[in-house]
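Only one structure is covered here, and it is reproduced in the block below.
To keep things simple, chains are lettered A, B, C and D as they appear, and every chain counts its residues starting from 1.
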Amino acid sequence: MCRWLAYSGSPLSIEALLYRPEHSLIDQSLHSQLGAETTNGDGFGVGWYGSGETPGVFRSVEPAWNDRNLRELAEHVESPIVFAHIRASSGTAIQQTNCHPFRHGRWLWMHNGLIGDFQEVKRDLALAVDPSLYPAIEGSTDSEVFFHLALTFGLEDDPPAAVASAVGLIEAVGRDHGVEHPIQMTVATSDGRRVWAFRYSSEGRSRSLFYSTDVPTLRELHPEVEVLAEVSDESRLVVSEPLRDLPGAWNEVPESSYGVIQEGQDELLPFKPTHA
Amino acid sequence: MCRWLAYSGSPLSIEALLYRPEHSLIDQSLHSQLGAETTNGDGFGVGWYGSGETPGVFRSVEPAWNDRNLRELAEHVESPIVFAHIRASSGTAIQQTNCHPFRHGRWLWMHNGLIGDFQEVKRDLALAVDPSLYPAIEGSTDSEVFFHLALTFGLEDDPPAAVASAVGLIEAVGRDHGVEHPIQMTVATSDGRRVWAFRYSSEGRSRSLFYSTDVPTLRELHPEVEVLAEVSDESRLVVSEPLRDLPGAWNEVPESSYGVIQEGQDELLPFKPTHA
Amino acid sequence: MCRWLAYSGSPLSIEALLYRPEHSLIDQSLHSQLGAETTNGDGFGVGWYGSGETPGVFRSVEPAWNDRNLRELAEHVESPIVFAHIRASSGTAIQQTNCHPFRHGRWLWMHNGLIGDFQEVKRDLALAVDPSLYPAIEGSTDSEVFFHLALTFGLEDDPPAAVASAVGLIEAVGRDHGVEHPIQMTVATSDGRRVWAFRYSSEGRSRSLFYSTDVPTLRELHPEVEVLAEVSDESRLVVSEPLRDLPGAWNEVPESSYGVIQEGQDELLPFKPTHA
Amino acid sequence: MCRWLAYSGSPLSIEALLYRPEHSLIDQSLHSQLGAETTNGDGFGVGWYGSGETPGVFRSVEPAWNDRNLRELAEHVESPIVFAHIRASSGTAIQQTNCHPFRHGRWLWMHNGLIGDFQEVKRDLALAVDPSLYPAIEGSTDSEVFFHLALTFGLEDDPPAAVASAVGLIEAVGRDHGVEHPIQMTVATSDGRRVWAFRYSSEGRSRSLFYSTDVPTLRELHPEVEVLAEVSDESRLVVSEPLRDLPGAWNEVPESSYGVIQEGQDELLPFKPTHA
């Protein structure tokens, strides 16, 4: 399993997001409380939207807690949208190309969870990836194949529909192979303007996922938290597990639902796989 | 491009093979003379047959010339069959799972050269891999797909026939995609008893490959070379480029041919792809 | 803090020592129970005595639990004396030269614990290292300076006396700098024939250390443990924390004492720093 | 030996500096033409001045030519002062703490060359480092000790005088130890406002060093070079070897001299070690 964080809001340094909170993602890399594993030391990755055409991605096979380059980067990069992910491998190789977030053009993708019995279903799923996208799969994870399935089903046009189709296919292929619980997932994806976050599992007992309370309310509840003065009213975090022990700050994303973080009103909607 | 070495003979330390010769493979990692690239610094690997059921494989993404663990291992491991490979990536990621030699059960495989326009033909070739073998592909190189094709076509039963079929398929798929020169290769493979070495390319201008003159003749020619006193009469090296500047020591493997190093008489035979 | 294991006995594969026990050192790298830190993921090292003049040392900055090369090495190397160490950095850089065991000629050294306020006392301690040894210090840890102090005081001639002198100096220098608890240590060292293991701390509350019950007794107590049938009567393990939950198998090394594992009767003696 | 580049001028992306020129530093990491070694693959580093109090530093032990994170960083970081260095180890360990540039507060430092017989003189030089700075030495290179000597002699107040004193000491200590040529150096250092570049060697045959012709002249000579339109008139590069084959673009820094790149007129002055 893994832990992740997605931020959208006023430009913030990665350092403020990754290192400053008490129970930060860096701390979770050593002592996760809600994860399936307490240690998430099998590599990490950070993605952000900066001046370039495509988002920046920094991925490493070292544990996040001891990576000096991550710390340097975190202090020097600010961005309105930041993805960060720490990995606990479920068996696949520890290599950069297996670290999240994955990138395709302007899109980032990260995943916590797994495709059940992936070795059994991997070939069928890879064959369902659009032939033009197939050679872009560089690593050996279920998460990267999942991303390329979502791209195949139109992620760039309609993310919720594309993810629903990809999950529907994964469930169908899994069931054909006798897999009891074909998918377990929390997923975040972004095009640099909006962020979508999904929580779902075939068994209906999904990995934890939380979103932060709106900033104006948080400021009233916790005037002492300095970062709240720095960020805009619309800033929002979505996290695998709470970063601070702040009463009223974290709200569970309900089972089988997804949220959209965007300019104006954010949304929280039900998620249902599409079976062809 | 890459450089490689295959040894079969009396148990010898990896250090004697990799470090002691003047123009050793380690030296070639910095200054190859015959390779397509002078620097082969994108990772390396060593495979050997020891006490275990399967051969040992040590692979790293660091340049071979500065890897201390390789040096330690080399000094402490002796084996009757040793494969060593230094990599110059033609673009695919620098990661352990892209380093040679690859292993399947008792089999080792390493390759110098390339599958032409691999991104174009990758999916078709991967689909031709036996479904039970497909999930075992961990990296993103042409060489690993080529190995799994050879396994699919019966490498474990009849290596020359299996390689001929795999190459035939690669050429057919390449030509379907309009690739002028579908394959360029020198390949070594072993089951721990025999070693097969192939030299072939679609264009008929293959990467260099040499085998060493038989040991009794070499001892007469060069009584001053100490290692020749240590090794058995049947010991043999196959290399991408000569390790020492010893007159009479190195013989070019002819175009479109393969050799078998085995107990008793070694063999040198013509190689021709099998087109289905 | 760190965790370590020292084995002396019949030649055994590193794999049998590192991977097979239930609560193996590999498992402890993720979930230590008695360590100051639960995760020991800041690099590791293995040392063993083989055919060469000097022991082999394999060290890496990756976490031990996910290092494939360690697994390969472990399956292919057997040795009558094996040192293994997993590191949890107390702040110094994650680099091979900071990983244990350290080596000097035929000697290996590994340490769990710390020199108090090391940044304060580092220069004075480094100046006390023999000038001929000073340039051999490659990393930045307290443990490596400690090793070179022990060498300076005659480790190669009389290990207990040399360690007592080194600890005496560390305590004297520490107290000069107002350090309350100048040293905390469990240390193992070997010349390839004997193994010495020390447990001591200035505050009298030392890190845990255990030695295994003699093999004949263990075989009677636990006839079901297969590895006991393979190893000689004189085989012995010294460990930071027990590898298996075997009643009667583990004995605490008393505070301020050291043991010698050797041919014939092993010894357990009091340890007292020598103050000049 | 190594290769390096120092840029001062209008904020420019690291990518424009490192990757775009024909004979870029990345290209030099594989095929240096003027260096003592053709391959500089033993790690690299980049330093830049951004929003933080201290400059950012990104250092890695991988070869620069295949490091994906360097490429990502290079595309997303712009800075008015950039240092970049590629390393060819003369024997010391390949580790991040041995990669340049080194940092102390707001200061960066990088070096090409060597301290002669460093293992002989290392202890005496380290003892001359200010005791408060001594513990900050993390690696094992001559270059880092040299930097700490310059800091000891007042680098932060008067860089040319401090470097002259440090070199004077290195020459004196070297000669005491019978070293024929105690130092060989090109050095760049900066406080984020000015850049100083030194060229000197005890033997009077120093490593190559070049500075770029002023931008207005270059624009006239080479109107086709696009980057010249982007940068300010005062922009300047100092490099170990020319990045492009542009007639009139590169000027050799004379033997035993140093330059200062600053607002207003840059300076080029003689350099002479100060012997105490």
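By our rule, contacts are C-beta pairs under 8 Å (C-beta built on N, C-alpha and C of every residue); 3 or more make two chains touch, one makes a residue touch a chain.
This structure is a prediction, so every number in the text was calculated from the model and none was measured.
K.L.:
Where chain A and chain B touch, do the two copies share over half of their residue numbers, giving same, or under half, giving different?
P.N.:
Result for this pair: same.
K.L.:
Taking the mean of the CA coordinates per chain, how far is chain A from chain C in Å?
P.N.:
Each chain's C-alpha centroid was found; their separation is 41 Å.
K.L.:
Can you pull out the residues of chain A that are in contact with at least two other chains?
P.N.:
68, 93, 96
K.L.:
Classify the chain contact graph as line, ring, star, complete or other.
P.N.:
Graph shape here is complete: every pair of chains touches.
K.L.:
Write out the stretch or stretches of chain D touching chain C in their complex.
P.N.:
Listed in rising order, the residues are 92-93, 95-97, 118-120, 122-123, 126-127, 131, 134-135, 137-140.
K.L.:
Applying the document's contact rule, which stretches of chain D touch chain A when the two form their complex?
P.N.:
48, 50-52, 56-60, 68-69, 72-73, 75-78, 96
K.L.:
Please name which positions on chain B make contact with chain D in the complex.
P.N.:
Counting only chain B, the residues touching chain D are 30-31, 38-39, 41-42, 61-63, 65-66, 68, 89, 93-94.
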